[in-house]
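A, B, C and D label the chains in the order they appear, each numbered from 1.
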Amino acid sequence: MKRIGMLTSGGDCQALNAAMRGVVKTLINGKEEVEIYGFIDGYKGLIYSNFRMLTGHDFSGILTKGGTILGTSRTPFKTIKDPDENGLDKVEAMKQNYHKLKLDCLVILGGNGTHKTANLLREEGLNVVTLPKTIDNDLWGTDMTFGFQSAVDIATEAIDCIHTTAASHGRVFIVEVMGHKVGWLTLNAGMAGGADIILIPEIPYDIDKVIAKIEERDKSGSRFTIIAVAEGAISKEDAKLTKKEYKKKMEKYPYPSVSYEVAAKIQEKTGREVRVTVPGHTQRGGSPCPYDRVFASRLGSEAGKLIVDGEYGFMVGYKNREIVRVPLEDVAGKLKMVAPDASIVKEAKLLGISFGD
Amino acid sequence: MKRIGMLTSGGDCQALNAAMRGVVKTLINGKEEVEIYGFIDGYKGLIYSNFRMLTGHDFSGILTKGGTILGTSRTPFKTIKDPDENGLDKVEAMKQNYHKLKLDCLVILGGNGTHKTANLLREEGLNVVTLPKTIDNDLWGTDMTFGFQSAVDIATEAIDCIHTTAASHGRVFIVEVMGHKVGWLTLNAGMAGGADIILIPEIPYDIDKVIAKIEERDKSGSRFTIIAVAEGAISKEDAKLTKKEYKKKMEKYPYPSVSYEVAAKIQEKTGREVRVTVPGHTQRGGSPCPYDRVFASRLGSEAGKLIVDGEYGFMVGYKNREIVRVPLEDVAGKLKMVAPDASIVKEAKLLGISFGD
Amino acid sequence: MKRIGMLTSGGDCQALNAAMRGVVKTLINGKEEVEIYGFIDGYKGLIYSNFRMLTGHDFSGILTKGGTILGTSRTPFKTIKDPDENGLDKVEAMKQNYHKLKLDCLVILGGNGTHKTANLLREEGLNVVTLPKTIDNDLWGTDMTFGFQSAVDIATEAIDCIHTTAASHGRVFIVEVMGHKVGWLTLNAGMAGGADIILIPEIPYDIDKVIAKIEERDKSGSRFTIIAVAEGAISKEDAKLTKKEYKKKMEKYPYPSVSYEVAAKIQEKTGREVRVTVPGHTQRGGSPCPYDRVFASRLGSEAGKLIVDGEYGFMVGYKNREIVRVPLEDVAGKLKMVAPDASIVKEAKLLGISFGD
Amino acid sequence: MKRIGMLTSGGDCQALNAAMRGVVKTLINGKEEVEIYGFIDGYKGLIYSNFRMLTGHDFSGILTKGGTILGTSRTPFKTIKDPDENGLDKVEAMKQNYHKLKLDCLVILGGNGTHKTANLLREEGLNVVTLPKTIDNDLWGTDMTFGFQSAVDIATEAIDCIHTTAASHGRVFIVEVMGHKVGWLTLNAGMAGGADIILIPEIPYDIDKVIAKIEERDKSGSRFTIIAVAEGAISKEDAKLTKKEYKKKMEKYPYPSVSYEVAAKIQEKTGREVRVTVPGHTQRGGSPCPYDRVFASRLGSEAGKLIVDGEYGFMVGYKNREIVRVPLEDVAGKLKMVAPDASIVKEAKLLGISFGD
C-alpha cells in the first residue's frame, strides 16, 4: 500500500488534469494498492491539512478538461519560509502533515516558484516527485513544459483575429502575450501568427528600430504591422538600469503594461494610431491542445513509474524527445530563457521578423 | 451594362467579404453585364475617387476570409457634412465622383454611422443599397446583423477559457465584451459562456446587487464567479446623470474601461481579488462562423437582386426569418437595444443569472 | 413539491445537457420544491423504471458538455406499441411507473420519433413537456431545433478542410452530410463551406446536371469541385419509384451510402477521380456551439416555466424569433422539409450553387 | 542571381505554403537576387515544363493557408522511371527542363515517394534541397514532419466529438485515423482523444485481446469504448502471411477499410453494435496548427540558407530539437516506424490503453 499526496501550485494552466490522470492511472495499473490524498489549493492544502481522498473515478473524463480539479493558489505568503499571519511555521506544518498522514511521497505540479518549495521539502527529507507545469516554458531541465503549446495556440488565434482587422484598417496592432520573464510564448505565437515584429525580454528593444520596421513596411505597400510583445519585454534603456533604478522607475510607470508603453512611444514618434490587445488569462484556460494532452499524460505516467520504483527527488522532464528524470536540486531556482542567438531567433530574422534590436 | 460602386465603412467585422461575394456572384449570374468599382477604405475612397476595378475573380475564395478586401475606415472627420481639412465639401465630392463614374448605384456595407451617411446620399439623389454589418447587432430594422454571431463565438470562447482558470483559483473574473452602446453581444456570450452576472447598458447595475450575487455564490460553495461586462455597461448612479454631468465625470475617469471600475468597486467593498480580461478587437476578427457565412451570403444575394431590379434606397435586413427590404430612412439614426423586459432577459434571470438590477 | 421525470431519447446531439440544465435551474429558482427523476437511456429507463435521483449539483458545469448525462437510446423495439421480447406492454409499463413514482410530469427531449411517443403518452393521460432536439432541424412547429447549428459548424469545418485539399489536387470531392430525410443541414453547411453543388432529398438530382456543373467549372479554370451530399439525397429516377420499388432496389444497393453512388456515376461518365468524405457521427458530438447553448438554455427555461405553471401537453418551440408553446398533437408525425422554392434555395442558386435539378 | 525551381508532390498537407514562404522570405532577405519557378502539380510540372514565375508577393499571407499554391499530384505513372503514355523518358525530361531553364537548384516538398524521386534527380546531377512534408510522420532522418501535428489536432477533434456520442449511447465506436503504413498519427491522436484501444500497423492486433478490453470496460461500469484504428492496422494472422498470400487475401477483401473489418469481428463475436467513423481527407486539410506554422517556417528558412550557401543534396530535418541537414541518400527508401517497445507505447500501456497485443 502506498499513500500519495498530490497538489497543484502556482498559476493554473492546461493539462494539469491530464498529467494527474496519467500519474493515477499508472499507479492504479501498478501492483500495489494506493491511497491518493488530494491537497486543495496547492501548498495551502498541505500546510493546513485540507485534502480530499481521491479514487480512479475522480480522474476519469478529465483528460480534456482545463484547470485543476484540486484547485491552486500562488503561495499566499511573502515567502514559504516566513511564518503565516498566525505565526505558524509553514514548512514545519507541511512536514508534520506529511508524516501524520504517513505519506510515502508527494506529487507536486507547478512552475518555477513551486519547484523552489518542492526542493526545500526534499531537503527537509520528504519524498517528492514533480511535474513541469507552466505556459511560460521557462523551467530549467526540460525542453518543454505542459501548458505551453496550448497557450501558443490561444495566443496565435488572437493574433490571427487581429490580423484581419489590422489589414482592413491599415493599422499598427500590438498583441501582448504572456510568458512572465521569458519570451518563449511570444516568440512562438508571434512566428505562428505571422507577426512582423516580436519583442521579448531576452532581446531588449530599441523603439527606433521598431519604428524603422513599421516604416519599411509602409514603404513596401503593406498597410499594417502586427507586433507581438511579451509581457516582460524591456527597452534597451531600461535593461541598462540597476534593479533599484528600475524599481524606482516602475513606481511611477504610467502604463497598464509594457504594450501600452510601446504603443505610446510609436504614436508619439510617428503620429500613427496604434491599438493594443491583451488576451490575458485566456492563455491559461480552456481544454488542453492534443500535443499537451499526450505530453502531460506521458510525463504523468513516468511520475507514476518513479513512485512505483520508489525513486524520489526528481522532476520528470523532456530532453531530446525522451522523457527523463532530472534531480530537483538542478531545477530549483534556475530560469530557461531564449538565447538571443538561438537558431530559432536567427531563423525568425531570416523570415523578415524584427526583434527591435 | 450596370456600373456598381461598392464600399465597406466603419469598424470591420467578419463576413464583410462573404456579403460582397454574395452581391457580386448574384450580379454576375444576372443577365446584364456589370462593372464593379471598389472604393478603398470606406467613404474616403468615394470622396477622393480612390478605387479599384474588380472582377468575379477578386471575390473567389473570400467566403471564409475575415476583414474586408476593400479596406475600411471610420469616418475620418468630425461629421460627414463638415468640409475636410482642405475645405472640400465631402458630400458634394461623393456626388460628383458618383456621377463622373456614371455609377448606377452604390452598395454600402456598414453599421449605424455608415447608414446615416448612406441615407444622406440617398436624399441627395444617389441610388443606394446597404447591408447591415456590425458585431453589435444594434441596427434598427433587422433582427440580425452579420458579424454578430462570429463575435459571440469569440467572446464565448474567451469566457470558456476564463472559466477553467477562475474555477482553479476560486476567483472573481470579469470578461469585458464589445457591443458599443448595446448589450446584445454581452448577453448572448454571457449566457453561452455560463456567466453568473451580466452587466449591459440597457439595465444599469447596482454594485451592491452584483456583490450580493458573488456572496450568494460563495455561500452556496461555488468558489468562483464570472461576470460578463458590456463595454457600455453603466451603473445606476451614472445612468441618472445628465449627458453633461456624465461627460464631466468621464473626464477624470481613472479606469481604462468600465470593467476595471466594476473590479475596483468589488475589491474595495469585499477585499476579494478580481481579475479583468479584455478580448478587445479579437472579437471583430478571424474567419466568419458558418452562421454568418450563410447569412451574409443570403443578404448579399438579395442586394444583388435589388440592383438587378433597379430598386434602390433599401437596407437588406432580416425579419422573422425572412430576408426583407427596409427603407433606408426608417433605419438611419435609430438604435436597436435590448429591452430590459425582453423574454431572453427574463429567461436568463430564471437561469439564475443576475443583471445587477 | 413537484416530482419531475426527465429523459433524452433518440440519437444524441449537442446541447441536450444545456437544455436540461435550463429546465432544472428554472425549476430550482421557482418557489416550489422539486424532485428530479432522471430516466436512463431514454424511454427504456421509463419502461423498466431505471432512474437516478438528480439535484441541482448534477446540472452544474454541463452547459458546455456534449452528449447527455442521462444516456439515450433509439427505441429498441420495432414500435413502442408492440410488447417487448418478454411480452411486456411498454406503454402500460411507462404509465404504471409514472404513477408509481407519483410524477407530476415528464420532460422529454428528442426528435421526430421521440415526439410521436411523447404524444402517445399525452393521449394516455400523462403530463408531458417536450424539447426539440435534433441536428436534422426537421421537427414541425419550430423554426429551429438545438443541435442543428452545432452540427452545421462541424460539417462546415469538414468542408473547409476538404476545400484546401481539393484545390491542391484539382479533384472532385464529395462531403456527405447528415440530416436524415431532410436537407437543412446539408444546405446550410454547403452554403457555409462554399460548396459548388448541393444535393438534398427535397430536390431530386439529375446526375447529368451535376456533371454539367463540374464541366462548367473545369472550363472556367476552377480546378476542383466540392459537392455537399445529404445522406438522404435521391436521384430523379429513384424519386419516381414507388416505395415498394425503391425498397426492392435498395436491397441490392452496392454502395455504402448515397455519396458513393454519386461518386461512382460521375467517375463512370467522366473518368474523373472523385473522393468521398463522410464526417458521420462527429456531427452529433462535441461541445455545443454558443448559439445552441443560448438557444437550448432558453427553451429549457421556458419548459421550466410551463411546469411551474402546470401547463402540459406542449413542445417548447421557436417561431419568428420568439420562444413559443406548440401543442404536441400538432407536432407528432409531421416533417419540416426544405421547400424547393424556399428563398434560401433561390438565393443559393443566385450564388451559383447547383442543386442538380 | 539564382534561379530556383520549386514543387510540392504527393498528397497535400497543412503548412506546405508556410514552408515555401519560409524558403522564399529567406532567399529574398539574402543578398543575391532570385528568380522563383513554381512548377504546377508536382513532378508533372517539371516533366512537362508547366510553371509560373513567382515573386515575394505570391508568398505573402499564405502562412495560415492550407493546401499548396502550386498544386500537387501523386506521381501519375507506375514508376517515375517508366516512360509516360507517349513514351517520354520522364527523368530525362526533368533533367532537360532543369537545364533549359538554367536552374541553380530545385526545392522539393514531399513525403516518402517524393524523396525517392528527389534522390534520383540528385544522382542524375541536379541540385536538390527537400523538405519533409507528411501527416504520416514516417520520413526517416527527421524526428518530425510538418502536417503531422495539424493532422493530430483534426483526428483528435473527431475522437472528442465521438466521445460524447459514444458515452451517451453506451456504444463501441471506431475512429479510423490516417497514417499510411505507420502508427504515429493514430498513436498520438488516440492518446490525446482518450481512446481505450489503439491499433497500429507496427503492433499487429489479436481481436480476442481487443474484445477482452471491451469486456473489461463493460465490467468496470464504463458504458462505452473508443477504438482508434490506423488505416494500416493489421491482425496477427494477416501479419504472418507472405506478401503474396496477403495480396491474394485482399483481392476478396469485403470491407471498405480495416476499421470495418475490426467492427465486423467485434459484432460477430460479441453481438455488440459497433459504429465506424472515418474522418478521411479532412485530416490533411484546413489551416496549419501553430506548431506546424512555426516548424515549417523554420525548416523553410534553413532550406533557404542551404541554397544561399550553395549546399545541395540535403533534406532539412529536425533532430533533438535542432534543425539539421540530412543527406538525401540517407533518407530515400526508408520508413520511420513506431517501435513496439518505444517509451511512448509503454507509457500508453501504463495509462491503461490496450494495443490488442
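Note that contacts are C-beta pairs under 8 Å (C-beta built on N, C-alpha and C of every residue); 3 or more make two chains touch, one makes a residue touch a chain.
Model, not experiment: these values are computed from the prediction.
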item	value
Partner chains shared by chain C and chain D (touch criterion as defined above)	none
Whole-Å separation of chain centres (CA-atom averages), chain A against chain D	31
Centre distance in Å when chain A and chain B are each reduced to the mean of their C-alpha atoms	35
Distance between the centres, which are taken as Cα means, of chain C and chain A, whole angstrom	42
Overlap residues in chain C, where contacts from two or more other chains coincide	160
Chain contact graph, described as a line, ring, star, complete graph or other shape	ring
Touching residues (chain side chain C, partner chain B) in the complex	22, 25-26, 28-29, 63-64, 143, 149, 152-153, 156, 160, 188-189, 191-194, 289-291, 293-294, 297-298, 301-302, 304-305, 320-323, 343-344, 347, 350-352
For the chain A and chain B complex, residues of the former touching the latter	8, 11-12, 14, 16, 41, 65-68, 71-73, 154, 157-158, 160-165, 167-170, 173, 223, 256, 275-286
